[in-house]
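Each of the two complexes below includes chain A, the first together with chain B, the second together with chain C.
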Partner chain A sequence: MSANGKPKFAMYWAASCGGCEIAVLNIHEKILDVDANFDVVFWPVAMDAKYKDVQAMPDKSILLTLFNGGIRNEENEEIAHLLRQKSQILVAFGSCACEGCIPGLANLSSTKEIMDSVYSSVSTVNPEGIRPQTSYLMPEGEIHIPKIYPVLKTLDQVVPVDYYMPGCPPESHQIGAVIDLVVKVLHGEASLPPTGATIGADKSTVCDDCPRERNVKTIKSFKRIQDIEKVDPNLCLLEQGIPCNGLATRQGCGALCPRAGAQCIGCYGPAEGVVDYGARLMTAFASVIDSQDPEEIERILDTLPDPVGQFYRFNLAGSLMRASRSAWNGNGKT
Partner chain B sequence: MQRISIDPITRLEGHGKIEIFLDDQGDVANSYFQIPELRGFERFCLGRPVEEMPLLTNRICGVCPEAHHMAAAKAADAVYHIDIPRTAKMLRELLYMAFYVTDHTTHFYALGGPDFVMGPDAPVAERNILGIIHKVGLEIGGKVIQARKFGHATVEIIGGRKVHPCTSIPGGLTKGITEEQRQEIEKMGRWAIEFGQFSLGLFNDIVLSNQQYLDLILGDIYAHETYSIGLVDENNKINFYDGRVSVVAPDGERIGKYAPNEYTDWIGERVEPWSYLKFTYLKKVGWKGLVDGKDSGVYCATPLSRLNAADGIATPLAQEQYEKFYATLGGKPVHKRLAIHWARLIELLYAAERWVELATDPEITSPDFHKVPTETPTEGVAIVEAPRGTLTHHYKTDERGLLKEVNLIVGTTNNYAPISMSIQKAAKSLIKKGKVNEGLLNMVEMAFRAYDPCFGCATHSLPGQMPLEVTVRDAQGNPIDVLKQFC
Partner chain C sequence: MSENQPFEPVIIGFTCNWCSYRAADLAGTARIKYPPNIRLVRLMCSGRLDPTFVMKALANGADGVLITGCHPGECHYLEQNYKALRRYYLLRRTLAQMGVEPGRIKLVWASAAEGVKLAEEITKMVEEVRSLGPLNWPRWEGENGHKAGMELKAEEVAV
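Up next, the complex of A and B:
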């Protein structure tokens, strides 16, 4: 407890895009509830934040920490350890912290391959093949930049996590609902869910919230969304051949993308009880394929142009696969 | 040699890091502004289908996903060699204008504006949005929340989501808007015009009527004579969504305009071994280091640069402000960096006016919002103006439209060289004979904030403001003084 009697709250961004912070700001007036019920002690985007102040706090003195972003270098990891030590409840907030998100796709490439793409691009004038160095001796002295980890890690791959709040970003109404719950817990009107639970989302799939009609129709090929003359606004996208990830993705966003005519891309992660999102989605896609003939099935699957991106778009870093061998070794060799 | 490190206190990654070296007299010999983070979208997007780029590159920046969504969708159109229907273009631009109003509002009221409204000497604790509300009145806070709400509501109606929109695809969009939605969008746009005028009025009352602030803008410490670039339409009027990039020399002469697919003739990127971020420069002029002037290829891409690079603004209220801007600041081009804040508000008003223009076009509700691409995908480049600078996406694909090469030059990267120069200039004027003025942090911070830098975008990593720590070291490298501040 702080001097003002309010429990302490922290929010931190590691390797993230900032969308989680915007989503929190988008709860608008409800941010006042956070202010009324908590003493915000550490939130770099919103306030004067001192890392050393956090270090000086007694262990477990922060009640609730929302941690967004993946672990991309040793500094991310260091702060994850510090906030774990100081927090009673540590929430992996948003897709990056939960499962790696889009930046986790970097785990398909080695650091060398990433550097080669960036520092030898078509607009780069770099005949000497210069690459950034972690230490470099300038005429005036040596200067440093941090080393990048060979693979991006999820928060629970470096510290124990109490709760997971999925979404890219988590929807603001879900953030509001979680704040309401925590406030009730503080007032003794509710109890916390079991440790390890997913919060701010529902248990079933995006399809449960999708207004599109499903007829258990099967398909002969997958289609690219731009190639369809007229997407039926009322019919299940998958049944129209569009590789929509709704069947494997956790319910919680309200099926925003399918409602807007776009396929679910899976940002809420796996539905309750699913161990590996990609494996679950493969099963789901297999169930709509209209064929028993192995060769034809092969042909139909070939109409999915990018399997690894399709099945592991948001969760590669957190999946059973985690990374390609070359990235894992960090040396660019397979 | 004495050395000063301006380092994030916590060494939080993704933030910037500044090293200043002093010579034997204790004056600034050199300074290095380092960006310590890299994510590598250019690499891991390879193999992905091009239609996913508007969704994948959204995640470069959650603050300005709309800019990446638009640049990616337009580059994907270009890959398929398709000219999308007029309604589709208008819907995308309409979404983009609502986003601009929101983004510029956030910057002016929460990030950059407090320096002016509260005054640069105000205590740090007051230089924030709450300080503004206390000084100007509660109702202004309500207006700011309203502006952000209306902007996000319009983005969601057209883009399907408030953060990371999902509806732009090669050939147009996945959906159009109904007449009912159009009316709602128009209503919000009209409110935004009033808000834009109100904001400029506020700037006039608080900043322009105060000689001390005006002197600060007009003073030399924040001036750099560099080239300016910005997207313009066929009449050389400002446009954020489409057009050609106008390049204007420090003396105001337009040296050319380039189409998106000509960008490599104009823009080069330089790798330094001490930073993960590349320095862009004008190839036709050449890289001469971090220096001002007509012979140096350093250029700027900010709201101010966009005004400098254009001949005017196509909407009446913003054009009026544009004229007042140059009349007040002594003609074109303006090189005073703090004028970026004023330019940003003029752009906010333009975006609001354009929002209503598009929302009242009879074709905006047409069902003709998508056209199926029929040509074989190959290569395409697209440019939009992100709020923080010219944004270029360049893709090459195989015949199935799977990415083989991706190149991105994002808004803030354009400004890496001028920001570094502003830092050096602030350091040189505030560090003399080994003595570091306490005001250094403030001045450096104000120099940053004018650009509204997003190093999240620039490194395709983490956005955020700059936590700073200055360590002054003696010749043996022992710290003798530490100044620190988290923004």
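Up next, the complex of A and C:
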């Protein structure tokens, strides 16, 4: 408890885009409930605080920490350990912390490939070919930046996590519901879910929330949504050949994308009980391909040019394989 | 495995109860030899093969995976082996993108009478994987995190 008697709250971003912070602010007036019930002690996006302030806090003195972002470098991991030590409840908040998300797709490339692409490709004006150095001697002394890891890790690959809150970003109404629950717990009106649970989402799949009509699926080719002249507004997108990931993705968003006429891309992560999200999708997609002829099957699969991008867009770092061999090679491990 | 010993690939083989598992049995009773590098797992049908099984095997130390099933048109459950075929193609493409050579994943049709064929295919695959070398996919690193010691139970991946 702080001097004002309120429990402490922290939020941190590691390798992420900042969308999770926006999503938290997007809960509108409920943010006042956060302020009324918590003392915000550490939230780099919203307020000024230093790591040494957190280091000075007693262990377990922060009641609730929302940690978003994957573990991309030494700094991310150091702060993950620090916040684990100082927090009673550590929530992997958002897809990056839960399963790696878009930054996790860098696990397909080695560190060298990533650096070449960022600092030496046509997209960058860098005539002197400057690359980041982890230490540099300035007149004032030597300065350091954190080392990048060859493979992005999810939060729970680094420290034990109490709860998972999926979504890219988590939907505001789901954040609101979780905050309501935590406030009730503080007032003794509710109890916390079991450790390791996924909060702010349901257990089934996006299909359960999707209003589109579903029939037996038989697919002769996969199509990009922009290549279809007219997408049937009422029919299951997968039946129309559009690779929709809803059937393996956790329910929680209210099927926003399929309702708006776009395929689900899987930002809510695997549904309850699914061990490897991409494997589940492969099972499903392969089942609905309408062919028994090996050559034709290969031709149909050619219409899915980027299987990893399709099946692991949000999930690569949290999948069974976790990274590609070239990324592991950057680690010198393989 | 110590550094001095030659590389012995570990291959996980998924067999169908109605054909390839019996083919392996037949190979045994007929005293047909095949290398001990393969560890057979019996499924009720090749259509039961969730790609999760293959990736779990590779991520946990296997150097290759052999999937076997009934010949096309002969599936005990009508057409599940075609699903296995499509999953195999898709899985092979996905794993190739992750840097796993297609030669490490193989699909073979073997009826209950084809003990000799199965033994030959196993021998061939072991030699192919041996020439590819160890896969050595990095495993979950021990003491850190919740999932570090995660063991998959068959029920958890049930369709």
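Just so it is clear, the second predicted complex is superposed on the first by the 307 of 334 C-alpha atoms of A that agree within 3 Å, B and C clash if a C-alpha of one lies under 4 Å from a C-alpha of the other, contacts with A are read in each partner's own complex, and residues count from 1 in each chain.
Just so we're on the same page, a contact is a pair of C-beta atoms (placed from the backbone, for glycine too) under 8 Å apart; a residue touches a chain by one contact, two chains touch by 3 or more.
The model shown is predicted, which means the values in this text are computed figures rather than measured ones.
Student: Chain B versus chain C on the shared chain A, clash or fit?
Tutor: They fit: once the shared chain is superposed, the two partners occupy separate space.
Student: Between chain B and chain C, whom does A:103 touch in the aligned arrangement: first, second, both, or neither?
Tutor: It touches chain B, and chain C stays clear.
Student: Please work out whether A:60 is in contact with chain B alone, chain C alone, both, or neither, and reply first, second, both or neither.
Tutor: neither
Student: Should A:217 be classified as contacting the first partner (chain B), the second (chain C), both, or neither?
Tutor: neither
Student: Which of the two partners, first being chain B and second being chain C, lies in contact with A:184: first, second, both, or neither?
Tutor: Neither: A:184 stays clear of chain B and chain C.
Student: Given the overlay on chain A, how many degrees, to the nearest 10, lie between chain B and chain C at the CA centre of chain A?
Tutor: After fitting both complexes on chain A, the angle is 140 degrees.
Student: Contact-wise, after the overlay, does A:156 reach chain B, chain C, both or neither (first, second, both, neither)?
Tutor: second
Student: Check whether A:203 is in contact with chain B, with chain C, with both or with neither, and answer first, second, both or neither.
Tutor: It touches nothing on chain B or chain C.
Student: If you stack the two complexes on chain A, which partner ends up touching A:299: first (chain B), second (chain C), both, or neither?
Tutor: In the superposed model, A:299 contacts neither chain B nor chain C.
Student: Applying the document's definition of touching, compare chain B and chain C: which contacts more of chain A?
Tutor: B
Student: Please indicate which partner A:273 is in contact with in the superposed arrangement: first for chain B, second for chain C, both, or neither.
Tutor: The answer is second: A:273 touches chain C but not chain B.
Student: Just to confirm the geometry: in the superposition, how small does the C-alpha gap between chain B and chain C get, in angstrom?
Tutor: 9
Student: Intersection of chain A residues contacting chain B with those contacting chain C?
Tutor: Chain A residues touching both partners: 108, 306, 308.
Student: Once bound in the complex, which stretches of chain A touch chain B?
Tutor: 13-23, 25-26, 28-29, 44-45, 48-52, 69, 72-73, 75-76, 79, 101-103, 105-106, 108-109, 113-119, 121-126, 130-133, 136, 138-141, 143, 145-146, 148, 168-169, 172, 224-229, 231, 233, 256-257, 259-262, 265, 267, 305-306, 308-309
Student: If we count contacts the way the header does, which residues on chain B are in touch with chain A in the complex?
Tutor: So the residues of chain B touching chain A come out as 1, 3, 9-14, 17, 19, 21, 29-30, 32, 34-40, 42-49, 51-52, 55-56, 59-63, 65, 80, 124-125, 145, 148-149, 152, 159-164, 166-167, 169-171, 173-175, 263-264, 267-276, 278, 283, 287, 370, 372-373, 394, 400-402, 405-407, 409, 456, 461-465, 467, 485-487.
Student: Taking the touch rule as given, give the residues of chain A at its contact with chain C in the complex, in rising order.
Tutor: My answer: residues 108, 156-161, 196, 273, 275-276, 278-280, 282-283, 285-287, 289, 291-292, 294, 297-298, 301, 304, 306-308, 311, 319-326, 328, 331, 333-334.
Student: Can you check the complex and tell me which residues of chain C touch chain A?
Tutor: Contacts found on chain C: 50-52, 54-56, 58-59, 72, 79, 82-83, 85-87, 89-91, 93-95, 97-100, 136-138, 140-141, 144-148, 152, 156-157, 159.
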